Amino acid sequence: MSKNIAIEAKRERPMEEQTSEIVERKGIGHPDSVADGIAEAVSRTLSQYYKENYGRIFHHNTDQVEIVGGQAKAAFLNRELSQNRGYKKGGMVLEPVYILLSGRATTTIEIDGHKERVPYRTLAVRAAFKQLKDQFPNLDPVEDVIIDCKIGQGSVDLTGLYDTRKQLANDTSFGVGYAPLSEVDTITLKTEEYIIEKLRHQIKALGEDIKVMTSRNVDKIHITVAQAMVGKHVDDPDAYRSVKDELREKLLDNAAKYTKRELDISINTADIPEKDIYYLTVTGLSMENGDDGSVGRGNRVNGLITPYRPMSMEAAAGKNPVTHVGKIYNLMSMLIAEDIVKAGGNDIKEAHVCIVSNIGHPVSEPQLASIQLIMAGGVSEAKYRGEIESIVSGWLDNHEKITDMLLNQELKVY
Amino acid sequence: MSKNIAIEAKRERPMEEQTSEIVERKGIGHPDSVADGIAEAVSRTLSQYYKENYGRIFHHNTDQVEIVGGQAKAAFLNRELSQNRGYKKGGMVLEPVYILLSGRATTTIEIDGHKERVPYRTLAVRAAFKQLKDQFPNLDPVEDVIIDCKIGQGSVDLTGLYDTRKQLANDTSFGVGYAPLSEVDTITLKTEEYIIEKLRHQIKALGEDIKVMTSRNVDKIHITVAQAMVGKHVDDPDAYRSVKDELREKLLDNAAKYTKRELDISINTADIPEKDIYYLTVTGLSMENGDDGSVGRGNRVNGLITPYRPMSMEAAAGKNPVTHVGKIYNLMSMLIAEDIVKAGGNDIKEAHVCIVSNIGHPVSEPQLASIQLIMAGGVSEAKYRGEIESIVSGWLDNHEKITDMLLNQELKVY
Amino acid sequence: MSKNIAIEAKRERPMEEQTSEIVERKGIGHPDSVADGIAEAVSRTLSQYYKENYGRIFHHNTDQVEIVGGQAKAAFLNRELSQNRGYKKGGMVLEPVYILLSGRATTTIEIDGHKERVPYRTLAVRAAFKQLKDQFPNLDPVEDVIIDCKIGQGSVDLTGLYDTRKQLANDTSFGVGYAPLSEVDTITLKTEEYIIEKLRHQIKALGEDIKVMTSRNVDKIHITVAQAMVGKHVDDPDAYRSVKDELREKLLDNAAKYTKRELDISINTADIPEKDIYYLTVTGLSMENGDDGSVGRGNRVNGLITPYRPMSMEAAAGKNPVTHVGKIYNLMSMLIAEDIVKAGGNDIKEAHVCIVSNIGHPVSEPQLASIQLIMAGGVSEAKYRGEIESIVSGWLDNHEKITDMLLNQELKVY
Amino acid sequence: MSKNIAIEAKRERPMEEQTSEIVERKGIGHPDSVADGIAEAVSRTLSQYYKENYGRIFHHNTDQVEIVGGQAKAAFLNRELSQNRGYKKGGMVLEPVYILLSGRATTTIEIDGHKERVPYRTLAVRAAFKQLKDQFPNLDPVEDVIIDCKIGQGSVDLTGLYDTRKQLANDTSFGVGYAPLSEVDTITLKTEEYIIEKLRHQIKALGEDIKVMTSRNVDKIHITVAQAMVGKHVDDPDAYRSVKDELREKLLDNAAKYTKRELDISINTADIPEKDIYYLTVTGLSMENGDDGSVGRGNRVNGLITPYRPMSMEAAAGKNPVTHVGKIYNLMSMLIAEDIVKAGGNDIKEAHVCIVSNIGHPVSEPQLASIQLIMAGGVSEAKYRGEIESIVSGWLDNHEKITDMLLNQELKVY
């Protein structure tokens, strides 16, 4: 029952010492993240249902959500011109967003000699509705959104392989992760987090659709933010400008907590005031007006898109949290890398982890767990070999912990 | 501007004197009636929006609603056997009902030199949701139902013809109606009305999906009722039987108010207790479990299906209430027949009305308004000619009154 | 095993002697008839699959088809003005028609100790595609139409009742029919039949969407025809006018074969040449441009809508042809009425038949088979009692014959 | 009009000298690639329509395709047991795959003072149908697939920004690319290519759904192939085994052309013959039976998923090929890297390119074009600075060449 752990040092410079860097985050209201969030909410709800009623999580992968943008006409609160007589102040959604839930679930469970049917579509629709209601206060999920559901039963073969009691890997796949986050990574994450957790409660104009792209050229960091504004909370173009000014200041102050480098920020660079073009929305979400989204096209499990770092294409959101190696191994790689870096103190500058599954074998027994380290000058990786092996084995043997953390929402996946 | 009114006497026996009669009503919870109700709610909502914001009702016909039955597992409240561990008491909807709103609307209105877009799909979805919520207390429209919407813009040609200021007939079509209702008609209507307005509030087990078929053979009247029961309000088969017994008694007492003929009643004749087959539902609606429905396949505008009476195939529910002759003329024919019979006292036994439109001509100027009368013995129809012509002209000239009554819900259409 | 046959004479005048009459037919290309045709094709295909592979027809009701009209821009062949640069000559469908197949089928069959799954959706989609391809030569079913399918499994209870080996009635329902057809009935039927079977092959401009409404006032018969024209086969407005003229002449000649009464005809009365409004289409079908349709809203099983005759609201198209009394009894009533009238020679002027089912009892044992006759002067219905009873019993006992005729397409249902 | 080109050398070892490597390719029949292929076909078709009729490509992004897996039952040609009586030999698709086309298009074009409507949905549906028909000979796109379309109009703001005559970047985004391909990269690409272009024509059993994952540990290369087999072309389990054996041999021979390292291969490792579990399909595509797919979740523009290389999350397939920087810059980065490596001969071991856009600025003027080089020992990047700058500028200034190559299908995007 080998873990097939391979540890090696890399000759690279750590990211902070490289000359350029570019990182992106699609905030929780970006259409791709909305899709991720719904996919994960559906998986979590199904998992809980299976667990509460049958003692374990049955096979499912609800990692397919397609968001077809609606049509909307947003307006400033006090602007008569752009208002339609029939509209509410701030504009109105004209055609609802269409959201298609898809993917696979265990639809029938054989127990005590009879079969019980799982209300999987009812659960899924309810979970999606609740997710939208909880996250987006300016969206009315009854009339602004159509939730359709085509979740179906999986192929018998795959279901055959899947047995959560044995926890066998469902695919030949891999997960990757790294630590630590760079300053640019951190600023990108924290910028959106700050708006969602603090600022939007203070400044009602701020919607949830936020895109942050941060680039670094040596010691200059530039943050580009696309921030959807909510029409009914912005009086007019002057008020819009004020909100942008206030936002710029607060975000710079916040970012300064995470770096000593020179900081610069641009907000809503596509605005063209002289043509009356602003990033104004009814619901705080661009999906209201022609922006589409789908699962797995946005952030990786650490919340970021990092082109210069190891990345997997796997869509984690909505995958079953027990045996889907695309989900488990990506999260585990990140957690292992974090633990290694913590253990290494200043000796380990960076850790890159890649775990490759062995289809049909237990999740705890990968084909390969590759650990690449960027060591501080003069330190050999051999010094940490034992400790690292024990970190890796620990996570592999206790992979159910990741399942639990997912169900308790202690781990994000997008 | 002739009304083309033709009045003639018919040699027939009035319905009460014929030997047999058969009449049906699909109650408000029957899938076809649910479709009718939603179609009409959508039309009413659009009409109000157009009127409030633009002063008149624009072209629309939302008389296309398709209900695709869901999957559900109902259970008696206290029956462990038939219960799934994960289900709520009384059973659960497993796959939501899918409801497709379709039809046509005016999507853009040109006014004051600019175009305003109508939030027609948002309004439609909201109207459908509200209709379900208001009418069916045991249905959760969030998770038991998926409301999809494909309402689109109409053909330009038809829209061209349609101009509510001129109120030109939109089609070559006709409407028919008759009065008075026979005893059998009345019993059929009142049986469902009594359950919906009174009994279901006293006996929680009674759902809204009710089908009443009443047949008469000379002086024997037989009522057949299919009454959906709500699982969570019925303890067990014994309780189910009690509800049926109580219902039987109350319905017979109620029916006896409308006839002196011999009465008999059957309830849920498809039950087979020894095979554990009952008409048990989760939501009070058979559409929860594989029963489909669509607009215009159920009751005519008088609330009944009457194979031996003049009937039009026109689906009135959802049609625009201003110029759609299929809607206006059917209602008007019924109202005219009622007024004629009232005016005739005992002299006029029955009145049949048929109004044929003239496409492109005002609604008030039909191609033909044919009035057929069954007179009491020895009375000539000539005696009432003047009065009848004035009744007919009065309704034709004031057809907007029907539009208003529809918007105020003073007239039913199914 | 009584047939409960009740025979009585009616005092009415036969239809031909009444002063007015109005009859309608929605041709095979009218959206409601397209829906009927697809529903029936799907049922026929499933029936054949069940029969060929399992020896009998299993439960299904595919009587739910919703047609959501597309968007199209038709043009005369030689008219540059109305043409879009990218369009084909004669115009183009811009947004496909959306067709939703719905209803219920037996999805799994238990046989020889194992379960076999039926490819019901694949069969249904193929059947719908073929039906469109076979009937409408100017429609390209690949790009002009989207065929979606939500056919699902039925409720277990109803399936329980359904057992084609026992052929028990599936519902409390009834069917009605009459004979003979009046001149107006015949003209209405034959007008469309003549265009579809003969004229459209000679005059390419004639599409399949045809609506015929015929009214009679004493001895004057007026035919109103709405005839879709196919843009690519009409050069210009002059050619359009010629086609209308030719059509008018041919239809009058044809109608004259069926009556000696005075005849008159109007074609496409909604045309307004000065506003460039013509009934021009790309595909010969109005559903291409915003006209919706659904099953059961058009013709009754005799191909007509006859407001003054006994009519059932039952949608026959798509119903299972073995036990669905709404389908079987409507067809049987018509066939019985025809046989009675034939047997009666000149003695029986008209026969009206109504058969009421007994849920859970064999199709051959109705609750009531009511025969109403309009006899020639001086003839008693008693004379034909025996013969009529034997006609009725014969059809009831051999109702499988109707099933066979439906599968062989020897009987139409719309 | 600076190109903002930054060139620097990196201290890393080139990939071939690193100890481990893992690379994946989802073949053209993998559900995610099917989605990519359809999205790109739709974009190509729209582009051609716009160009032919209006002289330039209008705004669109059809990069949203959701594939909802069907249900199928595959069988060996000669195995009675697993066959259903009604099925064709080799099995049958029971429920069609559902494919939802989504995204945005220019739906109306103003020209010569009037507006012309684009048949965008008709074109899209036809393009998707053709793509399936051309690529997958064992799939019947009429009955095995439902193609639905919700492509709509974009947000006016974005459309505003988009003007193909000025070719301004539509977003703040970036593209990345590298060269050369490693041996592992090449083997992964060539393995699938060999099956699709050669082997499947020789061995009919080979379907199009192929997943190749190749890992290297120092000098051992392991190829894992999941190869869908087509039931009607495989007699029985023995034949299946033979096909696997033959495939193994041929693929090893083929791979040996691209490396001198030790090679090993596994095919269909999830097979469990003793449980009768094989990777058998009806259509050669796993989407027939519960495998879902969507755009942008599979291969990057070089055809590969390479976790250790720079990768963008951008879904290129379906994006408009004129101004969408997510598409253009990813392809351009790859092409630039290839040209640089070619120019550098043995001096440049590896080139990594990242181009960051400047929203609202011409595509030819990025915010940053970063070139990172891994140089051969002792060579300075300065030597190639001039040449590289001219390569980069050349591609930026002639980005329309990429548009043309895409329309001519000389460039793949997945």
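Labels A, B, C and D are assigned to the chains in the order they are written; within every chain, residues are numbered from 1.
Definition applied: contacts are C-beta pairs under 8 Å (C-beta built on N, C-alpha and C of every residue); 3 or more make two chains touch, one makes a residue touch a chain.
Since the structure is predicted, the reported quantities are computational estimates derived from the model, not experimental observations.
Undergrad: Please find the path from chain A to chain D through touching chains that uses the fewest steps, and give that number.
TA: Tracing touching chains, the least step count from chain A to chain D comes to 1.
Undergrad: Could you tell me which chains make contact with chain C and chain D both?
TA: Chains touching both chain C and chain D: none.
Undergrad: Let me check something: if the centre of a chain is the mean of its CA atoms, which chain is farthest from chain A?
TA: When every chain centre is compared against chain A, the largest gap points to C.
Undergrad: Give, as an integer number of Å, the spacing between the C-alpha centres of chain C and chain A.
TA: Using C-alpha averages as centres, the distance is 54 Å.
Undergrad: Where the CA atoms of chain A average out and where those of chain B average out, how many Å apart are those spots?
TA: 49
Undergrad: Can you compute the centre-to-centre distance for chain B and chain C, using the mean CA position of each chain? Integer Å is fine.
TA: 23
Undergrad: Name the residues of chain A that each touch 2 or more other chains.
TA: Touching at least two other chains: 71, 98.
Undergrad: Can you tell me, using the touch rule above, whether these chains form a line, ring, star, complete graph or other shape?
TA: ring
Undergrad: Taking the top-of-page definition of touch, could you list the pairs of chains it picks out?
TA: Every pair of chains meeting the touch criterion: A-B, A-D, B-C, C-D.
Undergrad: Help me check something: in the complex, which residues belonging to chain B touch chain C?
TA: Interface residues on the chain B side: 6, 8, 10-13, 18-20, 22, 24, 64, 66, 68-69, 71, 98, 100, 102-104, 150, 152-155, 157-158, 160-161, 172-174, 176, 211, 213, 215, 217, 224, 226, 269-270, 272, 275, 277, 279, 286, 289-292, 294-298, 300, 305, 307-308, 310-313, 315, 354, 356, 359-360, 367-368, 370.
Undergrad: Could you please specify the touching residues of chain D with respect to chain C in the complex?
TA: So the residues of chain D in touch with chain C come to 49, 52-54, 71, 73, 84-87, 92-96, 98, 111, 116-123, 125-126, 129, 142-144, 146-149.
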